[in-house]
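Pasting the structures in now, so scroll down.
In what follows, chain A forms one complex with chain B and a second complex with chain C.
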Partner chain A sequence: MAEDSAVLRVSNLSISFSTDEGLVTAVDDLSFGLEPGKTLGIVGESGSGKSVSTKSLMQLLPSNAAIAPNSSILYQTKQGKYIDIAKLDRRSKTLDQIRGGEIAMIFQEPSAAFSPLYTIGNQMIEGIRLHRNVSRAQARQQAIDMLERVGMTNPELRIDQYAFQLSGGMRQRAMIASALVMRPAVLIADEPTTALDVTIQAQILDLLAELQNEFGMAILFISHDLAVISQIADDVLVMYLGRAMETGPVRTIIRDPQHPYTQGLIKAIPRIDRLDQPLLPIPGDIPSPLERPQGCVFHPRCPHAPDRLRCRTDVPVAAETDPHHRAACHLLDEKVLEEVHR
Partner chain B sequence: MASNAATNEAFWRFLLGRLLIAALTLLAVSFMIYGLIELMPGDYAERELFRKYSGTGVTITQTEIDQVRAQLGLDRPFLVRYGEWLWHVMTRFDFGPAFRVETSVNALIGDKFLYTFVLVLGAMVFSYLIAIPVGIWVATRKSGWADGVVTLISYLGLALPNFAIALVLLMLNAFVFNLDVTGLVSQEFRGQPFSLAKFLDFLGHAYIPLLVLGWSTTAFQLQTMRGLMKDEMGKLYVTAAQARGLSGWPMLIKYPARHAVMPIVSTIGFDFSPLTNCPLSPRFWC
Partner chain C sequence: MTQPLVSVRNLKVHYPIGGGFLKGKPQVVRAVDGVSFDIFPGQVFGLVGESGSGKTTVGRALLKAAPITSGEVTLRVGEQGLNVAQMQGSSTQLLRRHAQMIFQDPYASLSPRMTVRDIIAEPLEAMGLTRNRQETDRRVREVAATCRLNLEHLRRFPHAFSGGQRQRIAIARALVSGPSFLVADEAVAALDVSIQANILNLLKALQQDMNLAFMFISHDLSVVAHFCDVVAVMYLGEIVEIAPTQELFARPSHPYTQALLSAIPPLDPDADRDRIRLAGEIPSPITPPSGCRFHTRCPVAEAGCKSIKPDWTQLSVSHGAACHRVADQPEMAAAS
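Take a look at the complex of A and B:
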């Protein structure tokens, strides 16, 4: 593979859940790479498989989930070793070392991600001491330093407080501190700003960008909000029903979206210069995961599908439209054909 | 760590408040029971004389009743008698005479209380020692044979009446294993003062009542623990702890189990009272 610079390379990731109603496909043949120091934004509606695919990167899926055998999650450790996380046993020591030490995660709801029975410090120190051979006092000092670094006021006091004693913004800062204190190479941020109000959201986004500059970790940023993604990400992956619809640099995706789904998402963003116009939602709802559409998964909601038979029968293959910009849509073949004819 | 000190102080204040309320409750209950008995027609003086002379043809006169009443101090006002009883209980731990069997209440309770207490405590420790770890373990299994077996044993414990289990065990021990099943201590220790040897002998006999008393409690707590654990395992703080690299039993014990065990801890008191009041216990008294 040419792009060996990636710290994390996901190839053909498929994840299914066995439920009472049958086998549900949550992620279908997903591939992406994560470069050190860069941010990849994964965007999609709820139920598009964003969270599931990122949880699988640390094998944090519930026990009824299964990663398909041909999937690979190739991770390059800080020591330069390559590990296929998809093939690791759930109980392996390597996995425990990767979790937190190499790949860390921050969550949408920091209030639920901290246990109310233990102080923030207790949970941070626990993480530090799992990955570093330091004394309790040293770990405590490292935790305080990190809390200070993420902009926590009064870190010496806060470290002995419980998550429920902090405000929403402070709680998310504590969460970020507890993830970054182990200096992971990859930070997975699962909708970290969704539960926050807009001003705090902007502060947290700035903080993440600043910390990325300082520590050089790669960030995998999940959001349903394309506007947030456009602020923080270098590259974007648009997901729908567990499949990658479009992927590319953030600028080209926003300015020149190729996939009808991405185009729909961008049209749905409220714009300050078009206040008099109604918002344009994508028609329809995400179908139940038990009724996966045949052909292109987006065809029941796609404005171009009704007059094209193959949208309903054939799964589109991702095609490169620009360098690094790929989209999986049958329309793109037609465009190419048109250009050839011209 | 100023906040910790504050938390500790709040904890002790809460505990002290609760103990105070418990003492007041006991006081109120004792007063109510004393009062209810007082409301009943007749008193012990009448009963004593009736017992003494029934069937002998002797006619009891009111003077005789009054005499006995004065002797026992029953002629004094209600509050004075209650006050005296309470004072003796509080200062000497003396619950007074048990007229009907002509001894004192303390002698009646005697070391039977100790045996009951050890049995109940033993049954509870035994229940929790099994219920909590097995509950945690079963909750982490995907539904399979382990869950099935544990659930079966649990429901047997809940469904079988205690006396039936006791009788079957009694029969097994008497006729199959030829063991002495007539008391909590062996013949040679009966009536002997308390000693280490007697206590050890007691422990050797105690497993039957422990099993009988503990089985259903264990079953109930185990199923509670299993259910609570399953709930807690799905919580985000568990995922977050795993994402920090914590796994296996240390993770289970520190996070989901610590949360799940709270309702169990707060109902320990409810277990204590049915076990103490268990109608079976007297059969094992020696």
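Take a look at the complex of A and C:
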């Protein structure tokens, strides 16, 4: 394990929400690490917990959410100090420094990230001066330089515009600029290209890869679209109903998936290079969070589960199928188990 | 040759914006600016393009849900041709019976106050297609079964259902009047991948069993590639290329189509591809560029493209494109 090189390490993260209808488990025993200059892609469908788990990294969860006591989110600051974000108070000063300064986030909807009452510049300068001891003019220049760096045309003009005056692609560039102007060590990108057209999506993915080369930040890229993840990620984590199903290098996950869920997901994706192949949906629906399946959370939709009692009763542990490639499925250790029974 | 079910000629939808007392003349948004195509019975006609290309407006205009500024839209019902643009009053109801729509968001398109049964039955009652409640119930159960809905769910309200199930309810509602033509506007865009394939397969089965024709509007080219028979590519209110799906994806002729296809992220990170990067974004439909509207972003634009509007070039019986360079450069179409 590359324990030392990770800038952020999440261990046994569990998050639950208390709702009127009962306690809902959103994330269940999730672990992963982020390394400088590398991109981890988290792919999952609705209810997979991908957004909730990333929001917890900056303590941005709503007040009815609780992080389980044994969870840890260990972050190594730029000064080399280790901080467990999971244990910080929501209003702590340390958290204010981490948010934006150390860990930054970009979202699917840039129009929601920018206030319509302030110009792009107002909001960027405010952020810069919160973290850096610089004058307004210096902060403005830093903001302009960053806007130029992300490919905004006329940055001197754009900085005094409001977010709603920009096109979708330009708005996303502005959000990337305001996230990266503080040179964060970690960038969390939550579906940043989902609302964009493919041509603009390609531009933004190129830009993120370029900026990562230049600044060396770790990126956590969340998407429902495995094809987008495959373009930008080094490693992939596949989530379903709050649990990690499979994790490994992007090529291995796409070419040689071991978990039945990942296999099903790949078969359900329409591919333009496989027009002759029919689309095979995963049977059934994603269960409601209030009706969380026992045992393996995927068992009600898994083609292998009907003949295996364990799938319905026991939660599978992640087994290493290769170095760096792990999948949580009973099928994988079945061979070993059969031998034990003999 | 079979007659087209839907025939569109030089359709324009222009919206005035701004203007008014002391504000001077309103500007005009040319959302759809002269498109022509035919959709045949049982055919799945895909319409793709970036946001702002006018694809949704075309779909709406076909159902008279957007004001048609000029041009002709004809829907054939039996031997009769319904002139959608000129339609008024009771003939609109005839159009509604034969042409229906499925929307993107099944959370917004179904009333939370109605049971699933009432949602599906509403078009029958509004159009007076059944004589009594028993007949309505029979028809609702029949169409619900076709859409693979559990009949016990008919008494429930939509909030009890997942996105995939809701979309099946929306499809049942669209089908209950027995239409021959459906407009599906981003009908699977809000669904998860594992559910999306399920709905696409259902739509395909319905199309084959009932000989339904679809206009399938989508920004997702991979979905379109799997579902459609013919694809039209729109840019700034105009159709720039039409071809059978296999042909379009194998030999895209218009530079915009080529760029659009090359921007689709392949699943395999090492997939061979020559990416054509388009600079900038789609211009405003209020002041579209002169000449060829794509010239401001086109990687192969020449001086003439700026001033002269390209003619429609038919490359084969079923494949056409509007580009000055298509004719000079047949190899551009052949290479891909």
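Keep in mind that, in the parts below, the second predicted complex is superposed on the first by the 329 of 342 C-alpha atoms of A that agree within 3 Å, B and C clash if a C-alpha of one lies under 4 Å from a C-alpha of the other, contacts with A are read in each partner's own complex, and residues count from 1 in each chain.
As a convention for this text, contacts are C-beta pairs under 8 Å (C-beta built on N, C-alpha and C of every residue); 3 or more make two chains touch, one makes a residue touch a chain.
Note that the coordinates shown come from a computational prediction; the quantities given were computed from them, not determined experimentally.
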- [ ] Answer with first, second, both or neither: which of chain B and chain C does A:11 touch in the superposed model?
- [x] neither
Open item on the list: Looking at A:127 after the superposition, I want to know if it touches chain B, chain C, both of them or none. Which is it: first, second, both, neither?
Closed with: first
TODO: Applying the touch criterion given at the start, work out whether A:77 contacts chain B, chain C, both or neither, answering first, second, both or neither.
DONE: neither
Open item on the list: Between chain B and chain C, whom does A:114 touch in the aligned arrangement: first, second, both, or neither?
Closed with: first
Task: First (chain B), second (chain C), both or neither touched by A:141 - done: neither
Open item on the list: According to the stated criteria, A:228 is in contact with first (chain B), second (chain C), both, or neither; which is it?
Closed with: second
TODO: Of the two partners chain B and chain C, indicate the one touching more residues belonging to chain A.
DONE: C
Open item on the list: So in the superposed three-chain picture, is A:197 touching just chain B, just chain C, both, or none of them (first/second/both/neither)?
Closed with: second
Open item on the list: A:263 in the overlay: touching chain B, chain C, both, or neither? Say first, second, both or neither.
Closed with: neither
TODO: Check chain A for residues that touch chain B in one structure and chain C in the other, and list them.
DONE: none
Task: Residue numbers on chain A that touch chain B, as the complex places them - done: 55, 58, 60, 62-64, 91, 95-101, 104-105, 107, 109, 112-115, 117-118, 123, 126-127, 130-131, 157, 160-161, 178, 182
Task: chain A-touching residues of chain C, taken from the complex the two chains share - done: 50-51, 162-165, 192-198, 200-201, 219-223, 225-227, 245-246, 249, 259-261, 263-271, 275, 277-278, 281-282
TODO: Flag every residue of chain B that touches chain A in the complex, lowest number first.
DONE: 1, 3-4, 142, 234-237, 239-248, 254-255, 258-259
- [ ] Mind listing the chain A positions that touch chain C in their complex?
- [x] 45-46, 167-170, 197-203, 205-206, 224-228, 230-231, 250-251, 254-255, 264-266, 268-273, 275, 278-282, 285-286, 288, 301
